[in-house]
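Each of the next two complexes has subunit A plus one other chain: subunit B in the first, subunit C in the second.
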Partner chain A sequence: MSAGNGAAVRGRAAYLWALPPVALLALFFLYPLALVAQQSFQPDTGGTSLEPYADVLASAAFREALWTTVWLALAATAGCLVLGFALALVIAFVPFPGARAVARFVDVFLSFPSFLITLALLFVYGTVGMANGAWTDLTGDAEGPFRFLTTPWGVLLAEITYFTPFVMRPLLAAFSQLDTAQIEAAGSLGARAPRIVRQIILPEALPALAAGGSLVLVLCLNEFGIVLFTGAKGVTTLPTLVYGKAILESDYPGACVVAVVNVLISVGLYGLYRVVSRRARA
Partner chain B sequence: MSGGGIRFDHVSVAYDGNTVLDALDLTVEPGEVMALLGPSGSGKTTALRAVAGFVRPASGRVFLGERDVTGLPPHRRGIGMVVQQYALFPHLRVEENVAFGLRARRVPRAETRDRVAEALDMTGMGAYARRHPRELSGGQQQRVAIARALAIRPGVLLLDEPLSALDAQLRSGMLAELARLHRELPDVSILYVTHDQVEALTLADRIAVMDQARLQACGTPQQLYRAPDNAFTASFVGNANLLPVTVRTDGALLGETELKLDTQGAAPGATATLCLRPHLVGLGDGPGPNRLTGTVGEIQWRGATHRLYVDVDVAGHRVMADVRELRDPPAHGDEVTLHFAPDDAVLLPAGVGAGEERR
Partner chain C sequence: MWALFLLLFLPLFALPLLVVLGASFATHWSGVLPSGPTTAHYASATRGEALQALTTSLVTAVTASLIALAAGTWAALAAAELRKRHRKALDALFVLPLAVPSVVVGLATLVAFSQPPMLLNGTRWIVIIAHTVLVTAFAHQSVSAALTRLDPAYEQAAASLGASPAYVLWRVRLPLLLPSLTAAAGLCFALSMGELSATMMLYPPDWTPLPVLIYAATDRGALFTGSAVAAVLMAATLLVLLGVSRIRTRASYR
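Right, the complex of A and B next:
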């Protein structure tokens, strides 16, 4: 057998190995996704048309949910990046007792379900939560002033609280790789902490920030539990709109249209983020 | 550029109750090159980091010139520092690396440009200004690190094992470069941390020998080499034969062998250590009074020299002799005689010299 034939056989064997996972992926992920896409072109009146798209895109509820979804995701990502960077900096570079325990807690936090954080926030800031309770006890008022939890700001707070560790994890890994001699060299050359953070640490952290940020962006775009728990009354995002249309209104074509739009936005924003972060690194 | 030297005034450093630098008293004169020489864990790097401001002494003071800098943060000390792994900023070009300290000090733009060019020219890296560190060899990166440290025109330059990451040939080239730089910048005091005696002997005006967190000896390379204070210094600065002897009025007794040498006032009857440099030990009877006989345990040809390890007739002691290449070298097991001049032997009385500084 010639070397060329051997390579060809090995190539075919590689394809055979790839076949089972690809088949599973197609069966459990791509096929249902294709069904959703197909359903979005099939109105309840029968046939195939763009009618469901026309109906959904024309509705004010959809446009509002779209806007809410995008700005919440962008704002939450920005908040997570700023807060996550600041917290990771402190944990990695400011020596304090328990820093290692805090870093480990970040890992544990990542395994928490999102509604747990939301529930905790309800206990603190909810209508009958601790903050309002303390207020009514102190002032004698019938109600406390903290009512933001059911507004988009409540969702934003919950998302930033829950997703910040997703930014911190890759950042802490990146900081542990950073050569402390560089920071010391910068210090001995006369640089104070802000300049060292800006010119030495931040450039090194950009890939980790891009990784954490893009992950958080996609997760926020598709977040369902936090929105359902906190903003159920006044906040509608694309995932909750899908839920409402499919389960509450039994409007499957409409739900599928929103789902398709949600997927397109996720993939589109994620792609944009990667391009921008790659430029920032270059 | 402000000179002024460095002064350690009884500086101790401890981590978690472990003393890593014990009451160091040492002065580096303005414009002097002082090598801190010692094995790993001897406290030499800790001493350097105390000057840079990266470790806080548990007690004692650090002075730069007349200024007490013990409590000052690193960015206010005005020190140039070069470390083993270069610590260049990987995302900045060579010229930006060198300009970093000047920008941090808000030096005007035009002056920054001139001083960057000057520092790069001084280290022979002018042609590489637009490169990134990853595009340079190890030796080039170390030159950039030196240029970066010099650009801020420091009065004090701290070099922490700066040549350890380079191969032998580059190292000797860089040693010559550093010596040239110091000639060009005679006002800069240099504290040079190394475990390599050749670097210390070549470059330093004085050497401070450290071991186990303490200063063991300090003096010029010649002083430490020819007349070391103690056994540790003798073995760490150059090679040495260290043999136990008993002091006599006009010499010493090595086993049963009488040796003539200057006892330097040591009390007769006391035990001491005889230090003999291998290149000062000759093969054969020689003209002088001091002879040692023994059998050749090992012989190594080293090109210009032969190194003989001779098992002398004293309680299993082995003497090392570096002699000019022999036409007819003795074989393993041959009986030979070694000789040395009384002036070439140094007697090291026990417990003398540790922690003292010589000028």
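Right, the complex of A and C next:
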């Protein structure tokens, strides 16, 4: 057997080894997804048609959910970017004891499920809770003024709280590679902190910001636990609409249509994120 | 600057966890601080329905993590042997579950396994399958990132000394990958313990994991009981993470 032939055999063996995991993924993930796509074209009345799409896309509930999902995700991303940038700046450039402990804490924080944040906010801003309790104690009113929790604003606050660390991570990595000599030179030439941030740190941080921001955008679009725990009947996003249609209404073709739309948006944005984050690392 | 940091950081990140912990020991919360200290919620959170939910969550998370780790490692090792273009395609395929909303993974699993030939709806396996699919992507990401950092000199040295590929894998590569594998195991476990969205679509009545129980409690207004169950969830997750001792997060592998 020649050397080239041996390499070809080894190459074929490599593909054989790759087969079992791919087969498992196809059976448990790709095939179910394909079934969802197929069922989105099969109305309950039978046959194959675009009827489910026409029904769902024309419904006010879907349009409202789509709009709510998009603006919530955009607003939460903007909030996370601003807050994450500020916090990462302090952690990276203001020397203080316990910076490592903070980083560790953020890791622990992220290993907990997102709905815990909403649960906690119920005690902080809920009808019975810290903020309203403090208000009634101070003013003697029967009820406190904070009742935004069951509105989209409550979801927004919870999403910003939970997803900000996802922006901080790539930023801290970028800051650790920043040449501090540049900052010191600018400082010794009389540049003040805001100017240093704007002209030196921000340009360096842009790729990391783009990467973190697009990741948070995808995560917010797909967030389910926070919205569900808010318990607001008025706040419906695409994921909760999928759940509502499938489990509460047993309208599977409708749920599959919403799922297909949600997957297309999410996978598209995630692809964008992968491209951006690869640039950020390079 | 310091004060500003504490002002932003503590209320946002530390407070939520403390609040849940505080509420789990309380019977009322009508002032600034919770009142009516009690451990009754923990008594109910560690027996009966809640205890069963805890074991359900633990069994689901351990099973899903182990399967995901095996499949993810296998895929990452196999991909590393392929030509660059095929390797990228395989990696993209295994990252895909991260990009698909987990509610949709739940719906897809429900649709696929509610019909013959694989009728699993109503069994615990449908929950375990969905969890495994969701965490496999993280396991794969973690291991393939570690593989690219692996120094090839060790395996080349072993191979040049006549070690068979299987021996090199078992005695050289896997031991070198062990830190990443344990980190990935911890991450998979934590994610599976807290998984709610796909589980809500799938869980049968006799296989109710902790997050579903917490949701059910808060939904009927039993916030303090829910907090105690949530504290149990956090404690169980933390204990296992400390056990594998390296805490990584989903942010590092997205």
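Everything below uses one rule, namely that the second predicted complex is superposed on the first by the 257 of 282 C-alpha atoms of A that agree within 3 Å, B and C clash if a C-alpha of one lies under 4 Å from a C-alpha of the other, contacts with A are read in each partner's own complex, and residues count from 1 in each chain.
By definition in this document, contacts are C-beta pairs under 8 Å (C-beta built on N, C-alpha and C of every residue); 3 or more make two chains touch, one makes a residue touch a chain.
Keep in mind that this is a model prediction, so the values were computed, not measured.
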item: Which of subunit B and subunit C A:262 touches, first, second, both or neither; value: second
item: Touching partner for A:179 - first (subunit B), second (subunit C), both, neither; value: first
item: Contacts of A:189 with subunit B and subunit C, given as first, second, both or neither; value: first
item: Subunit B versus subunit C as contact partner of A:249, first or second or both or neither; value: neither
item: Touching partner for A:104 - first (subunit B), second (subunit C), both, neither; value: second
item: Touched partner set for A:199, first subunit B, second subunit C, both or neither; value: first
item: Subunit A: partner with more touched residues, subunit B or subunit C; value: C
item: Partner chain(s) touched by A:44 [first = subunit B, second = subunit C, both, neither]; value: neither
item: Contact residues common to both interfaces of subunit A (with subunit B and with subunit C); value: none
item: Touching residues on subunit A, where the partner in the complex is subunit C; value: 11, 14-15, 17-18, 20-22, 24-25, 28-29, 31-33, 35-36, 39, 83, 86-87, 90-91, 94, 96, 102, 104-117, 119-124, 126, 128-130, 133-134, 136-137, 161, 164-166, 169, 215, 218, 221-222, 224-225, 228-229, 231, 238-240, 242-243, 246-247, 252, 255-256, 259, 262-263, 266-267, 270-271, 274
item: Of all residues in subunit A, those that touch subunit B in their complex; value: 179, 181-182, 184-192, 195, 199-200, 203-204
item: Sites on subunit B touched by subunit A in the complex; value: 52-54, 73-81, 83, 85, 87-92, 100-101, 104-105, 145, 148-149, 152, 158
item: Complex interface listing, subunit C residues touching subunit A; value: 1-2, 4-5, 8-9, 12-17, 19-20, 22-23, 28-34, 71-72, 74-75, 77-79, 81-83, 86, 90, 93-105, 107-113, 129, 132-133, 136, 186-187, 190-191, 193-197, 200-201, 211, 214-215, 218-219, 223, 226-227, 230, 233-234, 237-238, 241, 247-252, 254
